[in-house]
Structure formats: C-alpha cells, structure tokens
Amino acid sequence: MSKVSETSVRVRYGETDQMGFVYYGNYALYLELARTELIRQSAWSYKQLEAEGIQLPVVNVNMKYKKPAVYDDVLHIRTKIIGEINRKICFYSEIFNAQNELLLKGEVELVFMDKHLKKVINCPDIIKEKMKPFQWS
Amino acid sequence: MSKVSETSVRVRYGETDQMGFVYYGNYALYLELARTELIRQSAWSYKQLEAEGIQLPVVNVNMKYKKPAVYDDVLHIRTKIIGEINRKICFYSEIFNAQNELLLKGEVELVFMDKHLKKVINCPDIIKEKMKPFQWS
Amino acid sequence: MSKVSETSVRVRYGETDQMGFVYYGNYALYLELARTELIRQSAWSYKQLEAEGIQLPVVNVNMKYKKPAVYDDVLHIRTKIIGEINRKICFYSEIFNAQNELLLKGEVELVFMDKHLKKVINCPDIIKEKMKPFQWS
Amino acid sequence: MSKVSETSVRVRYGETDQMGFVYYGNYALYLELARTELIRQSAWSYKQLEAEGIQLPVVNVNMKYKKPAVYDDVLHIRTKIIGEINRKICFYSEIFNAQNELLLKGEVELVFMDKHLKKVINCPDIIKEKMKPFQWS
C-alpha cells in the first residue's frame, strides 16, 4: 500500500499579488517544499543528496489552478511519486486550503544529474529503494 | 500572416538558486513580462484592462526546461497566442539565451474574470480584435 | 516583564542564490512572518486588521547580515516591539540558525494607514493594549 | 566631477502584493540590478568578478520607503558609491517613478570576499580605480 507525504505551509504576504491571491509562480515554492518533505520522510534529505554530488534540476512542470490561495491561509499539501524512477522522477501534489477545497494540482518532473560532470545519471538504487513507499504506479 | 511578440530580460542574481541556474519558479516572472509586452504591443495594456474591471488569473501552466539560464544572461522571449480567445486565452512562449539556444517552452492559460463580480466572462470583442494579429490557429 | 515572540522557518531552495546562501532580499519574507506571528500571539491577526480597514505599509528597513543562512536550515527568529506605538510601530528581530549563531539583526518600521482613505492614522488603543506585552522601551 | 549611474526597470505583477504596491522586500532586486549596472558601466561586470574568485555578500541594508511603486511603473534608479572602497563598498540609490517622485532611498553595503577561501579581502586596486568615477566622498 503506497503512502502519501503530507505537509503544510502558511501563505506569506509577499507571496500574494495585487489580485489578492498567491502569485501563480509562487506555487513552485510550495511544491518544492512538499517534495523536500517527501524526500526527508523517505530517510534522507535533498541537502544530503547534493552533498553526495547529485542534483535534481526540474525538466517539466504542470500546474492546474482550481481556486486561489489567499494571505495567511494554512495550505495542506499531499504529495506522491508517480511512474518509474530512473533518470527522471515525477512528483504529483495536490494543495488544499483549510476548508479542504482543492486549490492546485501540480506535477514536477526532475532529472538526476551528476553535480560535477553535469550529466544525467540513473537514480542510485539505494535512493530508489527508500522512495518506493511513496511511489504510485 | 500572424505575428510573434519579442522581448528580452536580463537574469538577476536573486533569481538564481544555489545550483547556479535560474530557479524553476522564477521563469513564471519572465513569461508574465513576455505576455504583458504582447498585450502592450496589441494596443492596450494589462494595467488598463484591470482598470476597466477585467482580471486574468492563470488557470494552467506548463513549462518544459531544456537548458538552464544563468546569472546576467540576456534572455530573448518570443510569444504568441495559440487557439481561440473566448473565456480563456493561451500564451505560448519560447525563451532563448544570447547563443540562441532554446532554454524553455512555456504555455500559460488565463481566464477572463469580472474583477468585481469575480465570475468568468467572455473576452470583450474589442480586445479579441486587437489581439488577433498575434493569434496562431 | 516584556515578552519576545519566537517563531521558526526552514530555508527553501528557491530562497538561496548562486552564492549558496539565502539571497539578501529574502530575509524580508522571514521578518514579515516573524512580525505576523508576534501580532497573532497578541490576540488578533494582521489579516483581521486589514479586514477592519487598517494597512501597515513598511516605511523603513534596516538589516545587518552577520552570517549567511543556507538551504534547509531551520532558522529561529526572536521578535519584539521597540519604542512607542503611535502612527508608527517598529519591530526588532534577530535570526539564529540551529547552532544558535546570530545571522541577522533586522528592524522594520511600519505606519498605520487607513486602507480606504490611504492616510496615516494613530494605532487604535485596543491594538496598542494588546501589543503592550511585546513592547520594550 | 563624480558620476551617477542610471538605469530603469518596469514593475512586474509578481512583484506587487495584495496592498497593490511593490512588496517591500522586492526593492532589494531593484537595488541589485542598479548596482550591477553601475559596475558594468565601470568597465567590468559582477559576473566577471565572481569568475575571478571574488564575491560580494551584502552586510548591511537600509531602505527608506517614501512612496509606493505600483504595477507596470517604469522606475528610474540613480546609483553612486559613497565613502571609501576597501574591504567594504557602499552603494547609495534613489528610485523615482515616471512622475519623478522619489519612492525609495537605499543604501547597500557589501564586503569583498575571496570566493574559495571564504575570507574577507581588500578590494583589488584595479577595481577601485575603475569604480572611482562613481565614488562620492
């Protein structure tokens, strides 16, 4: 039975724009922190990963905006891994507000890269293994 | 013959992250300024549009990252409108660096909203007309 | 005996720059959330304040950077109010890392403004009263 | 006769907040680009400087906000160097809107740092020489 990582974040004033909602680009920061927490929950951290010479640049993003988030909202984010983990890994997140309304669906695909050689690599087996609980076919 | 709007932007230090590239979420700012310039070139401005009671919240974003942008790069952005303009409008942009390498393909879909009633409306005909030169079927 | 408000925040990847530290402008977001929490701890919220027609634009900022914050650091922020609360209010914060090293000292002065008339006002007495516990002469 | 560096920047939607003004922390980005242009006008670039192993972390910021900048404003920034250039350098900027109203006065002090040794150094003489035209006692 696969798991979903959960985290929450409060909207900052500086993340809103003059429309009174969170600026569309700032959801990228929320998705980043959600996948960082998933990674931490799978027993290593993204910070360690970089320390060991692996970077994860983003290669594809899709965000669907259903309802706006507003200032001071506590957002609840549910994140899982979809598809295979090889050279790429794909995180899927849903962001909800306190009223449990779905605000955003986001998919972020990243590629495993050797930090020093700047070339794409396969995800090391040990990392694959640790992420498996969060993986949904 | 349809037109493409062109604009350029220089990468700021604060837009990079510790990977040494532009942070993936910050491209949203570049796409915003590119569509703002397209709108300006079609004879009105987004600012005026809001003054007249119309807002354009984003409902869908897709960004494909091909190569990273780095600090102080002058990026060149080519933007056009794809598909019909009705309740929604979709901008398609390509971002190039000074070596004319394609860095990013981005699609941003926005919805016309009455600012005061907060409900979706059709794009006014006069605006449709002015945008037509940039529209690609 | 005056009180100090305490809060913490984890550094996001998107808040770093290519120097590998938090970008100097992003500390403004940390100071914002620290004073928001102080206000919340004094029994009302900044969000409510805006709902009641009062805004607090910033008029003066001073930040002294002692040591850099890095990605994934959990920062600890201690905030208090210094000086009188009248037309202006001044928040003083210190930011520490997990090793309890002082990273930044920040002073942010804001002015009470009537949201609709856009003119400066005195801080309402009820708000002054609630903030008093956090006030240091 | 000392010189002043001039540059301009258009306010992006994502730089505003729900107050309808530019978020107070985002002026740091404008001051960054203003000093970057001053440095470029003095015949080398900040990018080159980093390539040669010198970094300039910020150690002190003071910003006084006089009037708000709003979306789509073209801001005009005038920047000069104040005081001696040794281990530190201090940039002073004034930001004006299109009506020539003064919006912000900002002082940013940076320290010369050896990028590899991470220790403070003196500004190399050749750089001091090139910056001199912008220096005001």
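Here the chain labels run A, B, C and D in written order, and each chain numbers its own residues starting at 1.
Note that in this section a residue touches a chain if its C-beta (ideal position, glycine included) is under 8 Å from a C-beta of that chain, and two chains touch if they have at least 3 such contacts.
The structure presented is a predicted model; accordingly, all values stated were derived computationally and were not measured.
Looking at which of A-C and A-B shares more C-beta pairs in contact, the answer is the pair A-B. The chain with its Cα centroid farthest from the Cα centroid of subunit A is D.
For this pair, subunit A with subunit D, the centres built from the Cα atoms lie 34 Å apart.
Distance from the subunit A centre to the subunit C centre is 28 Å, each centre being the mean of its Cα atoms.
Subunit A and subunit B have centres, each the mean of its CA atoms, that are 24 Å apart. Within subunit A, contacts with two or more other chains are made by residues 13-14, 19, 21, 23-26, 28-29, 32, 71.
Those residues of subunit B lying in contact with subunit D across their complex are 10, 12-14, 28-29, 32-33, 36, 45-47, 71-72.
On the subunit A side of its complex with subunit D, the touching residues are 13-14, 16-21, 23-26, 71. Contacts from subunit B toward subunit A in the complex involve residues 19, 21, 23-29, 32, 55, 57-65, 68, 108.
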